[in-house]
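A short write-up of the structure that comes next.
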Amino acid sequence: MPDEREFICVTCPVGCSILAKVEGQELIEIRGQACQRGEAFVREELTAPRRMLTTTVRVRGGKLPLVPVRSSAPVPQGLLFALARALRQVELSAPVGDHQPVMLNALDTGIDIVTSRAVEACEGYEEKPGAGT
Amino acid sequence: MYDVIIIGAGVVGAHIARALSRYRLRILLLDKATDVGDGTTKANTAIVHAGYDAKPGSNKARLNVAGNALFEQVCGELDVEFDRCGTYVVGVSEEDRATLEDLYRRGRQNGIRGLSLVGGPEMRSREPGITESVTGALFAATGGLVDPFALCYAAAENAVGNGAELLLETEVQGFLREDDAVVGVRTNRGEFRSRWTVISAGVHADDLMRAAGLDGFTITPRKGEYFVLDRAARAQVRNVLFPCPTPVSKGILVTPTIHGNVMLGPTATDIDDKENLSTTPEGLNEVLTGALKLIPGLESRQIIRSFTGLRASGSTGDFMIDAPKERPGLLILAGIESPGLTASPAIALEVVEMLREAGLELQERAEYVPLRRGIPRFSQLSPAEQEALIARDPRYGRIICRCETVTEGEVVAACHGAIPARTYDALKRRTRVGTGRCQGGFDLPLVLEIMARELGLSPLEITQKGGASNIVVRRTKEVAE
Amino acid sequence: MRSLTCDVLVIGSGPAGLAAAYEAKKHGAEDVLLLERNDELGGILQQCIHTGFGVREFGEDLSGPEYAWRWIARARSADLRVLSETMVLGVDHSRRVVASSRALGLVEILPRALVLAMGCRERPRGALAIPGSRPAGVFTAGTAQRLVNIEGYMPGERYVILGSGDIGMIMARRLTLEGAQVVAVCEILPYISGLRRNLVQCIRDFDIPLHLCTTVTEVRGRDRVESVIVSRVDEQWRPIAGTRQEIPCDTLLLSVGLVPENELTRMAGATIDPATGGPVVDEGHGTDVPGIFAAGNVVHVYDLVDDVSAAARIAGRSAGRYVRQGAPEAGQRIRLRAGENVRAVVPQILGLAALEEGPVVLQFRARHPVEGPVRAELVMGEGAGARVLLSRRHRYVRPAEMVTMSLPPALAAELAAAGDSARDLAVRIIE
């Protein structure tokens, strides 16, 4: 017997309630999604859920102590903590650019972590050779 | 060796220190808290009472009337806002009419001027939002509003400016004795010797009396819970409104504050714990219910804050002001509950006279300065004054607290005052930062940064009110793993 | 005092202010001045580092800072004037604005049109009158967000979050990712008050316990919060005796609602709608003070930033047009009221002349959720005898999700024909 399961699509802020008939990892029937991304979302939830990662990393010599960063695409949900932990070790040197890569192919996901804004350097701060990561 | 040690830097202790600082004396003002005025002073009804309800002949009646008359002078010298707006006791029944007449007679007996009985219709025109059932009121023209903390802080600062020493976070653990005489105190910061020791310790006065070997007087902390309403509520409340007192309770009053908010309260519940400043659902409910009896149009959504104060209610029902013969060198002020704030400047003068009579030599200091100037309050200045202030120091142009319009300049000044603000609450009480409708939501991160910079501390070291009340606990990225 | 003039002055450079200023410029205002109290533009977006912004506005899933910088780039390209680190102290009905800054001191600004875009603020602990002690460690979720994301400090290690607003749920995830523990999220209502996607990706994904019909009834602790007492509540939100439970924690975060920030609106003399907490506005988001417009969350609190920008565009456009042409011919004006299961309607005033020119979108929220097919209706008259002018089907309604209804221009003629009986219309949601 297929199970009926409810999903709330997180792809966009509409947050459609989707009812899916599922057998194992197989999708039998689906309704409630307002667009096609809903079905793709449910298929992914059944096999390998993914989420966007957003956090911050440290900035040395910047006008702000942290710069917000994001994954360029959703990452495997199970890796969120590991990625957040890895990013805690990173320190960038100001000035930091917008969409500057912070971690390429992070934890072999094929996905990059990039800054989500620029941070200017403090007045009087000069980058020392070898500083930063 | 000090001439006088004053235990307790509340509004009474601060006024005593100030009154003594005009003489050639070595004065030490002690408090166990991180700031002056941290006990009953910081949490009470903030009213300068006319003095009609104290029992004729009592210390309370005498010192209330004497203290009240000093407020223009004291607040003028100390640069503290004071509004002699008058106060009302409101009657809502026939029985209340008799109570109002009693209070009127008692007030006349206490020597109070400016008392008048007001009829119901007249009261309605003076206070349009008042309950329909109003039958009359007693108006006391000499009643007024003040900021109790500001008064205490200003008096302490003026005392310090005139040479008195202030030690905070200094708790008295016992008295130094020579036979019967008290010759100083033992504290967590060591021993301090003195000719005279004044106990002015609010709810803790009886504990200190016992430590000095004096029994027979007890203080019961009487909890009073309050609500503060948004400035917008001022539209519904023009005057200070007391209900008629009943044998069980003085009742819940509705009052504007000197800063333009509205305050409701207090309850009156005797408790055991002298550190218990918690609010209760029952208490808060009682405050709201009581306030609505006077002004039915008050809206609970205007509430921005609730707090509790403890009154030092003494076992004799009157202020105790005594230099007991069996303990030479000790002067005791105990049971200083309402009208203690009003009486405080007069109590201080009385203490000075008692010490003089007991043989303390009082020589005037030529360099004594009774005047003290507070931090400029940007929001209270005219545009021209504001411009001049910003021109002098641009930090007065940066608004840190949007609800109360407090500037960076004021925050910086408070961090470097004669009694510096070292905690967020201390800063709040000096500048009103974070006391408005958003309750610090906007200013807190900015204030943390400014305080840390000005005090040479890390934001991790800034506390709300001393002790372990740190506001932030670690840097975001520093996780113990 | 230095005195400045401009065509349009916009107070606040968050998502509303940026969009309103940009749009005012595009629609005829030559000299647009944008005023911001912080040192950089973007308002609260700079601390909202999560994604979920921009799907409607840019067709991309952006973080808050990215969304802000896209708009800042637009503002730069449109050649707007900006005055940052400047806070408005007062406004009057003649649009005279006085502001203060470190660099300029007091400044008087006399714009030909004014757009209010101050956003909203969070409801603090005091507003809930939670009993108990007053220790350090009680924060609104947004203040915590700023501390964690911008200042770089954690307000605690072990959190209880009261309220399931979006910022609260987003902070639950954020704090968890930064190594802290969120031990409970309590919501007094039987349903969450934020978006459902946040329930999934911020709460369930991290196995954070969510307690519905539960509130915090006491705060304990002397210096720092040591624990909170939570209790289940009945239908009237009263704590149920015997359900008290103590949860040890060092921090209580509050996510219990946002309130439009309207001090300046009041000073300017605009009428405030008690249902929204914002000014009464017409279809062009003009207040009842001539030449003063309101953009975004100052009018009523939106769910999505993209919608804030969209609403602010309307206000900006109207301000631009006001500068160019003066007040438009109002024609017949209709008052819109909240009917059955509707909390408030924006705009509150509908001018038929404007409706003739193009569709007008009504925005409103349900008072109670209905998890089944419903109709949102625009009606004339009351109850069963009401004449339904427009009816739209919805699969469900939830208070957390704003409902919209687009009024077609064709409706203008029908309303004009109905004359006086159409002076007052209601919006209702029925099953």
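Order as written gives the chain letters A, B and C; numbering starts at 1 within each chain.
One rule holds in what follows: a residue touches a chain if its C-beta (ideal position, glycine included) is under 8 Å from a C-beta of that chain, and two chains touch if they have at least 3 such contacts.
This one's a predicted model, so the numbers in the text were calculated from it and none came from an experiment.
**Student:** Report the chain whose mean Cα position is at the greatest distance from that of subunit A.
**Tutor:** B
**Student:** Going by C-alpha centres, which chain would you call the most central?
**Tutor:** Smallest offset from the overall C-alpha mean is found for C.
**Student:** Comparing the two chain pairs, does B-C have more C-beta contacts than A-B, or is it the other way round?
**Tutor:** B-C
**Student:** Report the inter-chain centroid distance for subunit A and subunit C in whole angstrom, where each centroid is the mean of the CA atoms.
**Tutor:** 26
**Student:** Please work out the Cα centroid separation of subunit A and subunit B, and write it as a whole number of Å.
**Tutor:** Using C-alpha averages as centres, the distance is 53 Å.
**Student:** With centres defined as the mean C-alpha position, give me the subunit B-subunit C separation in Å.
**Tutor:** 39
**Student:** For subunit B, what residues touch not just one other chain but two or more?
**Tutor:** Subunit B, residues with two or more chain partners: 476-477, 479, 481.
**Student:** Please set out, as single numbers or ranges, the residues of subunit C touching at least two other chains.
**Tutor:** 149-152, 178-179
**Student:** For subunit A, give me the residues that contact two or more of the other chains.
**Tutor:** Counting only residues that touch two or more other chains, subunit A contributes 56, 58, 66, 88.
**Student:** In the complex formed with subunit B, which residues of subunit C make contact?
**Tutor:** For this pair, the touching residues of subunit C are 1, 37, 85, 87, 89, 98, 100-106, 121-122, 124-127, 129, 131-136, 139-140, 142-143, 146-157, 178-179, 217-218, 222-224, 239, 250, 263.
**Student:** Give the list of subunit C residues in touch with subunit A in this complex.
**Tutor:** It is residues 46, 49-52, 55, 61, 63-66, 68-69, 149-152, 174, 177-179, 195-197, 199-201, 205, 303-304, 306, 396 of subunit C that touch subunit A.
**Student:** Can you check the complex and tell me which residues of subunit B touch subunit C?
**Tutor:** For subunit B paired with subunit C, touching residues are 227-228, 275, 277-281, 283-284, 300-301, 303-307, 383, 386-387, 390-391, 394-395, 397-399, 402-403, 405, 407-408, 437-442, 444-445, 448-449, 459-460, 463-477, 479-481.
**Student:** Could you list, by residue number, the parts of subunit B that touch subunit A in their complex?
**Tutor:** Subunit B residues touching subunit A: 476-477, 479, 481.
**Student:** Please output the residues of subunit A touching subunit B within their complex, sorted ascending.
**Tutor:** Against subunit B, the touching part of subunit A is residues 56-58, 66, 85, 88.
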